[in-house]
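Letters A, B, C and D mark the chains in the order given here, with residues in each chain numbered from 1 onward.
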């Protein structure tokens, strides 16, 4: 932590700061410049948690030096992590494809989709049983019935299944049916739910919040890992910006940034990011080229009849075409796929 | 709902659309332009919920005509609502001041603050018992112990108390201690929690999400009201933008916009919006001038020692100075205060 | 300037940095922490302009300590500036109202508006002769003819006139006709034009860019002042965000922030910020309450017939109503008006 | 154009609208819904330019049906355009690499870079002679001297040269030295400069504005094309968002969006988008995978000594490594490269 004093800060103000720091058993390093004085703090800064030094007389601003996330930070864990889910693993060397409908609508719809995406190369089936919808009058999901269909599809196809939970009640149900828990964008800072996911033991797919910074996202992952659950996969799904020609703005830079700052795997969801099915294939290829460990893609037997997010869903044929196109990109990225 | 066809859409494509619409018992109005054809849909659009007409051949885009929120919409409820909480009421003609610490830290801290803010003119005590913090290593709140202190402060001072809940578990506890439930920015789209608040019966203070549009915010309120709870107050607390000189960007335009679109009262929180105590008084006055029904302001006996958000907290003296300054602004706005 | 080293930076890497700093005649202060080493640079940092120390081995990041703007910085010029324009002055103690049509459309329209806004209390007439329009097919302004009408209106009413310039060619014309030059949001970083405004000698109204940070805005002002022109007034006009219910998001926090960081006066334009005439009065009052030195407001004899920005223009009657309402707010803010 | 009336709009209000429309020689199509009435306008909407129908009694909102850009719109020009610049062409089937230093600093620096980037596969040399810098105290470019070095490098290597202009004065000089004019992000809505570029006849590289929507960007291109210059190439270079871990947020979705909306080629600049050299290679590959027609990449003989944007510049070795890696991506995209 660095404390930057105002140009006109008195000697007394500077002394006051160093006294506070030293009274907590930390060391203060002074750097007296031509215009301003800077105080570096050496030692465990959590000892200063109940002091708000930016409010002290003569202080201009405080600059943190180290990140607040520790266990997910690559600085302290240089090798990349590989997350195992059942018989599959997500991380370096693999390209993982999760595919399926936005919402589970019926047993037939899900089963049909599961076989189709498996045939095309997916190893995970996605499908929402609890749908967070902007309006209370939109379809809210089949809930436990949907989870049951997911489990049946898993048993029939051997695919791993991943499902979003939106509350502790849903989490308690989901652990009985699915292989991986998904935390959606709207719940990325639902800290109570994150802690419970940390305790539940299942691997977690943590989507980036609608307007979350990468730092906040990694801190959200820290909530999970600090409860003892290290099996976390991050998912970039577009952020909110002023641009309206896509539903969100896919931030593919997040892939190399996360790679540098964290050891956790990262996958990309171009379906929610763009909201337009025809933009999904070019951005799926781009995500693999940028270094993503996998993709999450919405597929529906009949997008025109989908109860949720039809416009961004691929048909079976389009999805199969896409996975064929993805193969050489996976090879170039040194990743096994199919 | 209006369907705009592509310039080159075939007659067959247009027929296909009108057939779908009419098959659901709705009427289709054609408007054949020089460049494009437009199809207006007359009737209850929810009958089209499982059709994604934007995917149909020849369709360029779909334009909704009516808002998805109904019960909070001023179009269908022109008179402004007044929300009663205990012996107070929030709405036209009153200026409601909610004040208190960001987090409840101890009985002494809270009690001392409660008496100070009451003396200065507040009618509500705010204070967080469950704190949603970016990092898991930050102070997370006293939980039920904090709620108990809130109730004690209420009994000692007669102030109404408002407290944030971050989970259903917290909600179940809070209803036994507080007069008003607060849903924070990070949980504005925690739809399960919103529904429970709708059922709990207590009045709800619904903060705007970090990057929520006004339409999403009103839809979040619709989740609460559609469960039968009409006692909702909105709270603007700044939105996320690229600007970094304030913590968030206070969107005061939301006050007249909400006034036009909804009958619900709206208050403003300049403390969280700016993150800097010295910016709070000018923006508090601005909020009243813009037509807000009230303010939520952070006050702490010793901001330099606050465990959360000290930099944005007013001292007792500064808060008292502010409420004195606010009086003539309340008068100009035709609002009773003190 | 502070250089933060990576946790694992070698002693050699640190030595390398200090050697570079000292080779330029500056001093390096080392602060060796438990996790990281920090190097403070003492002396004139411009001597390091051709070194990119963030690229050097072992460096994590660089933190600037002082702002890049100097002459407009309040740290080095604590008293607030008052800008005189003809017989008026903008700054502490005054509330300046600039009003008029978005675009000069005809001599009659402008003259009629000039008399109306003067009667209602404005001391400046605004009006665009060169209009920056998103589409090349929209009305682009009357150019020099428009400037001539501005000058005639000035002579007839005694109002000061302010007019936007969008190119050097326009600037060369405008200096012959107007009292104050306006740089619009789209040209805030048209640095060549800023430099010419610095040389032209007329006072400059510098609007904030559509997505400019406050720091970039003050640096834009620094371009003008560094050419010797100190008569600069800033104008907040809304920034670009994801919210679509207003044209832009008015950032009223900019008023206290600018007050703290700079000695220049700041006025507010609620017309362009909101794009909706009915939102202008509440936000005009809020701007005065927040401490603005003035307002710029669009007024048109017949908004339904305006060639540009009609929806955000006030009628004469509405403008007169607003200025009456503003009087007590000016008094509360300790400002002379009317 | 569609006019949506308010739920309670009177018959008189509707009549008033249709009368206005018909008085201009256009046709009004009524669609009377259960809640609202909609009026479709058939014919040339520019005839309504001086009416602001959104202000008329009973009107809720206006929805445009067709885009304001025409000549760059793919709806009216379905085949993709190929832009020829000297002996090269930018568009389908080719991958064009533009590379060079952010700023021209000296003859040696430029010449050395030109030979290096040519050897690695670039066909264009980029280099700034007029630098738009946030602070007036930063290096502002060599101006005409820099242009002269660009021309010399062109003659020595056979590379095409592209150079940014920031004013008409710079444009007048540049046309004598360069093959392609670049309009930078800060000048994307410097409409006077766009018009002059339209007249100057040289091909134009039009960068997206810092916070420009895709629609505004295409309208900026329309300014150039409407002056008769069809040789325009668009360049995505990142947009401003709240995220701070990259300099801007690269919006790769813009590639498929532009492909759908316009016939103009689009290239991508990952250097300015990210601001960090190590993020450039993954995003360069991603851009090609997403369908970009080319890349603009910053290369410097010694990034640590660069006078501008060193941290985002590749060394010669890194650039050569990148172009080798790009080859198979170009093949997959069906593009000729090297």
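Keep this in mind: contacts are C-beta pairs under 8 Å (C-beta built on N, C-alpha and C of every residue); 3 or more make two chains touch, one makes a residue touch a chain.
All figures in this text were calculated on a predicted structure; none of them were measured in a lab.
Peer 1: Find out how few touching-chain steps suffice to connect chain A with chain C.
Peer 2: Graph distance in the chain contact network comes out at 1.
Peer 1: More C-beta contacts across B-D or across A-D?
Peer 2: A-D
Peer 1: How many angstrom between the C-alpha centroids of chain B and chain A?
Peer 2: 26
Peer 1: When the C-alpha atoms of chain A and chain D are each averaged to a single point, how far apart are the two points in Å?
Peer 2: Each chain reduced to its C-alpha mean, chain A and chain D end up 31 Å apart.
Peer 1: Whole-Å distance, chain B centre to chain D centre, using C-alpha means?
Peer 2: So the centroids are 38 Å from each other.
Peer 1: Find every residue in chain C that makes contact with two or more other chains and list them.
Peer 2: As it turns out, chain C has residues touching two or more other chains at 211, 240-242, 244.
Peer 1: List the residues on chain B that touch chain A in their complex, please.
Peer 2: Residues 46, 49-56, 68-70, 132-139, 166-170, 186-187, 189-193, 195, 210-211, 216, 219, 222-223, 226, 240, 277, 303-307, 310-311 of chain B touch chain A in their complex.
Peer 1: In the complex of these two chains, what residues of chain A are touching chain D?
Peer 2: Touch list, chain A to chain D: 211, 213-215, 239, 241-246, 249-253, 255-257, 260-261, 273-274, 278-279, 282-283, 285-291, 328-329, 332.
Peer 1: For the complex, give me every residue of chain C touching chain A.
Peer 2: Where chain C meets chain A, its residues are 2, 4, 6-7, 29, 31-36, 38, 40-44, 63, 65-66, 75-76, 211, 240-242, 244.
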